[in-house]
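What follows is a group of structures, each given as structure tokens.
Common to both upcoming complexes is subunit A, partnered first by subunit B, then by subunit C.
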Partner chain A sequence: MKPILELRGVSKKFPEFSLDEVSFSLEPGYIMGFIGANGAGKSTTIKLIMNLLHLDGGEIKVFGLDSRQDELEIKQRVGFVYDENHFYEELTIKEMTMVVAPFYKNWDQQCYQSFVHRFELPEKKKIKTFSRGMKMKYSLAVALAHDAELLIMDEPTSGLDPIVRSELLEILSEVIQDERKSVLFSSHITSDLDRIADYITLIHNGQILFSEPKDQLLENYILIKGGHDLLDGRLQPYLVGMRENQFGFEGLVTNKEQVQAVVGGKAILETPTLEDIMLFCTRGKVV
Partner chain B sequence: MEPDQLLPSIRLLAKELQISVITTKRAYEELEKEGLIYTVPGKGSFVSGHSEELLEKSKTRLLEEKLQEAIILAESVGVSREDLERLFTVLLEDES
Partner chain C sequence: MIYLVLKDLMLQKRMLSMMFLYIVLFSFTFQSIPDGQFIAILVAVSYMFVMMGCAWEDKNNSDVLWNSLPVSRWQIVGSKYLSILAYVAMVVPVYWFVSTAFTLLRIPVSTAPITWWGIGAAMAEVFLISSFYLPVFFALGYTKSRYWNFLLFFGTFSFGSLIPKVLPEPPSWLQNLQNAPMEIFWACFSGVVVLIVAISFFVSLLLYGRREF
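What follows is the complex of A and B.
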């Protein structure tokens, strides 16, 4: 199937930071979690997709269109939910919607109203009085009302309580029902993605460490816990990252069978969480 | 579930359980591989006719695995075969 979003060799240089040959793609009908530490390059990548930053090298295609040449067409079909409010604070959402709605050819007022109702958004209060969760829900209502095929969400759950986060996840799984729409969801709260994400892309220091189906990741990596005596070098080829403590070590390994043959019954092997994978992959082999 | 009963679509099930579509797809694929369900392209997935039999078999397999685990555990803590047998008999009697 043709990808809905495709990045090839995307580069961007800043004096203190650079994105280096970032490549990944997303097919219609799926949710991709875009994870990485603060400052890893998540927001920079998203801004490049939205053409809010100038691209130094590489290519970004959204719906098969070029992110720079076809920016307007792309933005008609993309819903953008940002972690900070980007609406006029002094307006009510009713007024704000009157400003933004005319920009979209596919604006569906009825659909918009139904989300305002569902999210219980007060139409007559100024946006500046809204909580973080309400602002996020408003952005989401706007994105969904213009029938966005690609939802790009930059840290949408940061600072939100578990109830609002779970509501958001519920809506996202509804959005992808028709197999036409996709979601790119950046977050450093990996527990949001543990269940719902189909693909996980990990970025670290401006480089993509992996972009794979989540199930495959959870199968390929194994969390290992054991005593110091196991660290005699035989595990070295399989260790992705580890942390030693006074009593033993905890680490992330690949190649389950080989590892099992090495350690026998002397270590505990567990399925890692995304957080374990992210931590050990970015921390590396600290010995 | 009855034989030939229609299963929910992959996407609907993923949505309702709030889990990844790919995870759900894999679950269906594995059920199909085990012969518990069959898929008709364009129609959906259905429960197999002999699924009950197969389920029975896989439960027996699971039982064997668990017993094997117990044997390995017994060996690693130095419980002899005779003691293990005796323990098993005691446990069986307790159950009944």
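What follows is the complex of A and C.
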């Protein structure tokens, strides 16, 4: 199937940071969790996709179209939710929508109204009086009202309470029922992605460490906890990262069967969370 | 693009009371130049609205929004120039209201009458000042461009009247133009203004195209 989003060798240089040959792709009908620590390059990548930054190298295709040459056509079919509000705080959402809606050819006012009603957004109050959650919901209503096929979300859940976060995840699960649609969801709150993501892409220091199906990741990696006596070198080839404390160690390993053979019954082996995988893959060995 | 202008007007409508206040204030300030009072007020207030329009963009970091929507950069740039017309059109009725109120309330402030010539001249002047400001705004954003803005705004009003005294005699072709029939003079003047605005627009577009957000 043709990817809905494809990045090939994307690079961007800043004086103190650079994205280096970033490549990954997302097919229709899936949610991709784009994870990484603060400053890893998630927002820079998203800004490059949205053409808010100029590319230094590489290529970005959205719906098979060139992100630079076919920018306006692509943006007709893309919805976005950013970590900060960029709507005019002095306007009401009714006024804001009056300005934004005419730019979308597929704007569906009925669909928009249904989301405004569902999210209980007051149409006549200024956006500056909205809570962070309400601002995010308004962005989402705008993104969904023009039948966006690709939703790009940059840290949409940061600073939101668990109830609003849960609501958002429910809506995304509904959106993805339409198999034409995909979501790129950047976050460092990996518990959200544990629930809804189909693919996980991890970025660290401007480089992609992996981009794989979530289930495959959770099968490939094992969380191991044991005593210091197990650190005799035999685990070394399988260790992705670990940390030691006075009681023993905790680490992330690959090759479950071989690790089991090495440690026997002396260690606890558990399925890791995405947070464990992100932590150990990016930190390596911490003593 | 018309919706971007509409957005500017919706943001500015909250400043309508300020517009009244400025017009009252400038009516006193510019009493000493009865011939140019109407034009000076129209220029000063309209240009202040151009500045405020730019400040709103900066305050809301709205470049990220517009550049994420299916809106081209030429539309974003063009709307700021088009908004100038809308601002002047907003100021004229408010000026009429204030000057009428002065007369009815017998407030001892003389106000110049509204004339088409005055509206045209003021519009040309606001376009001219904005043409020197907007490329800097589109290149650097409002915060970094405000010193240039300050210089332009106060320079126009403080030193504008000194220019004829400082400059040498105008060249003969310019003197001929001054003596030409009004239609020819205005056609030439309008042509020069349109040319400057067009150059300014393309420079703004070029600089804004290079911006990153």
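Side notes on the structure shown:
Methods note: the second predicted complex is superposed on the first by the 285 of 287 C-alpha atoms of A that agree within 3 Å, B and C clash if a C-alpha of one lies under 4 Å from a C-alpha of the other, contacts with A are read in each partner's own complex, and residues count from 1 in each chain.
Note that contacts are C-beta pairs under 8 Å (C-beta built on N, C-alpha and C of every residue); 3 or more make two chains touch, one makes a residue touch a chain.
These figures come from a predicted structure and were not determined experimentally.
Of the two partner chains placed by the overlay, only subunit B lies in contact with A:214; subunit C stays clear of it. Look at A:197: by the touch rule set out above, it reaches subunit B but stays clear of subunit C.
Of the two partners subunit B and subunit C, more subunit A residues are in touch with C. When the two complexes are overlaid on their common chain A, residue A:90 makes contact with subunit C while staying clear of subunit B. Residue contacts after overlaying the shared chain place A:67 against neither subunit B nor subunit C.
In the superposition on chain A, A:99 makes contact with subunit C only, while subunit B stays out of contact range. The part of subunit B that touches subunit A in the complex is made up of residues 11-12, 14-15, 18-23, 26, 76. Taken in their complex, subunit C has these residues touching subunit A: 3-4, 6-7, 10-11, 14, 56, 59-62, 64-65, 67-72, 210, 212-213.
Listed in rising order, the residues of subunit A touching subunit C in the complex are 47, 50-54, 71-73, 75-76, 80, 82, 84, 86-91, 95, 98-100, 102-104. Touching subunit B in their complex are the following residues of subunit A: 29-31, 169-170, 173-174, 176-177, 179, 195-199, 213-215, 265.
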